[in-house]
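Quick heads-up: structures coming right below.
Both of the next two complexes hold chain A, though its partner changes from chain B to chain C.
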Partner chain A sequence: MVIDFILLFFVVVCAVASVSMKDLLGSVMILGAYSLLMALLWTRYNSVDVAFTEAAVGAGITTVLLIAALSRTFRHEEDPEKPGQSIFPWLTRIARLIPLGVVMLTGAVLIYGTLDMPNFSDPAAPANLHVAPYYIEKSVPETGSINFVTAILASYRGYDTLGEVTVIFTAGICVLILLRRRFHG
Partner chain B sequence: MIEIIAGKYNYWIYISLMMIGFYAMIAKGNLIKKIVGLNIFQTAVFLFYISMAVREGSTAPILLSRAHGALTPETATYTNPLPHVLILTAIVVGVSVTAVALALAIKIYRAYGTLDEYRIAKLEQDAE
Partner chain C sequence: MLEAAAIIVVLAMALVLYRAIKGPMLYDRALAVNVIGTKTVVVLALIGFIYDRPYFLDIALVYALINFIATIAILKYSETGGLG
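== the complex of A and B ==
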């Protein structure tokens, strides 16, 4: 319980640090730490498979991709000085506050939405009562896999995984097409 | 009041995380920073899903013992495995999205020599 709270606290600190840092390489490094802390948190929430994937893919591959992109572009965030001068400076100052207002409003609406939700770790939550008991009871006799997550991923929801592979394939082709260098003579 | 806070404060922390990512996406001018914000936003949604699977006093969704559990395991012993599966798929899709976004950012940098969206807009304006 206390560990959960400490982890959540550090996750939020990492997110704020990562967003506010001017040095993009540092920002990406902190994002890696953020992903790893997230994996720890998910281990605490009993989702070992997801934590493993996040530690490998989220903290590993995403960080590598971001660093690779930084090495091909520019390491530092440019100054927020906007090149276009405005006739009314106070108008630009107000315009900078608009994103903050939008974020606050969205957050308030989401928090209002949580008031109707079942409490955290409630065993009688509707999400835990519908189809999940079937998977837990039947996956061993029907698929023979003692890991229920594997059973659902590869058997009951196999088409999801097929779609996932399609997405990765499409993304790979997109990256190849975008980063291909053409040589004109 | 105390009951509501004790039951829901986790959700509120996830929402604040999500909003940090959202803020980075709409307020920061740098394209890489926007992608970092996108990642934070994604992970916050995943965290929300995973937390919905938690059941008080449950363990990881792996059969404890074939002999002990017989052929019909007790549902309440295990965490709900369904959100885990959905998020496993979503993590990989998220990485694909990040990869394509970064490729686009590199392409934009090659064309304009900057990743700042205001400078890009200025260059576009000047070119017209």
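== the complex of A and C ==
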């Protein structure tokens, strides 16, 4: 639909703007807008839980954490090294183009890889025939949860989720340690 | 009709996005990002009715709550230079 294309265009504009901006606080704010637009797109594609995570983590927590990091460092990005300072200025200029080429090439290969994929939400696709029917039929009698996603995350892959929670808990402790150092001098 | 409304609101978002990227002041950006959040809520409600999923309205309300966090953090940073 038209809205999808407009929103995707906005997302690209936000991404480019937040990377190219020298004022890092403005960059963080644009990233917040980026997350809100992405959440809108996720919701429009019916992945409501992903959209919730994107809005809460991307627009909420990440903005606060990045601002906390900014308050302990500097707000303005320093100018990158000027090409004239190196011995071969043209070499530096070419070296800057190499990452762009690598990214374009990888993107082209990935798009080429999607050509063989089955259509979106095709019921006969291999991904929908492997374990999905089992979850659809058995998850309610086996786990008692009426939501497949909850049943898979909290019951069938419970240990996996426990590991993820451990990782996130450790990361949270590290962030708290880094941010609290100020109060002890 | 609802599609037209949604597209118009999204196009209005473009104006605010321009202000968020161009600046020039911090408060322009803070207000612009806040307005983008508000328009996200409106578009979400409209999309919910376009695709016949009225429960998107509840999600839109939660987004309206989440929208505050970033603005408060940004304004607190600009006022005190930190979050403490």
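Annotations
Convention: the second predicted complex is superposed on the first by the 163 of 185 C-alpha atoms of A that agree within 3 Å, B and C clash if a C-alpha of one lies under 4 Å from a C-alpha of the other, contacts with A are read in each partner's own complex, and residues count from 1 in each chain.
Going forward, contacts are C-beta pairs under 8 Å (C-beta built on N, C-alpha and C of every residue); 3 or more make two chains touch, one makes a residue touch a chain.
Keep in mind that what you see is a predicted model, and the values were worked out from it rather than measured.
When the two structures are aligned on the shared chain, A:17 is found in touch with chain C, with no touch to chain B.
By the document's definition of touching, of the two partners only chain B reaches A:153; chain C does not. By the touch criterion defined above, A:48 lies against chain B and chain C together after alignment on the C-alpha atoms of chain A. Once the two complexes are laid over each other on the shared chain, residue contacts for A:70 go to chain B and to chain C alike.
Partner contacting the larger number of chain A residues, of chain B and chain C: B.
Common to the chain B and chain C contact sets on chain A are residues 28, 48, 61, 68, 70, 72. Looking at the complex, you find that chain C touches chain A at residues 3, 6-7, 10-11, 13-14, 17, 20-21, 23, 26, 29-30, 32-33, 36-37, 40, 43-44, 47, 51, 56, 59, 62-63, 66-67, 69-70, 73-74, 77-78, 81-84. Chain A meets chain B in the complex at residues 4, 8, 11-12, 15-16, 18-19, 24, 27-28, 31, 34-35, 38, 41-42, 45-50, 53-54, 57-58, 61-62, 65-66, 68-70, 72-74, 77-78, 80, 82-84, 96, 99-100, 102-104, 106-107, 110-111, 114-115, 117, 119-123, 125, 127-128, 131-133, 135-137, 140-141, 146-149, 152-153, 157, 160-161, 163-164, 167-168, 170-172, 174-175, 178-179. Per the touch definition, chain A reaches chain C in the complex via residues 1-3, 6-7, 10, 13-14, 17, 21, 23, 25-26, 28-30, 32-33, 36-37, 39-40, 43-44, 48, 51-52, 55-56, 59-61, 63-64, 67-68, 70-72, 182-183. Residues of chain B touching chain A in their complex: 4, 6-8, 10-13, 15-24, 26-30, 32-33, 35-37, 39-40, 43, 46-47, 50-63, 66, 69, 71-73, 75-76, 78-89, 91-100, 102-107, 109, 114-116, 118-119, 121-122, 125.
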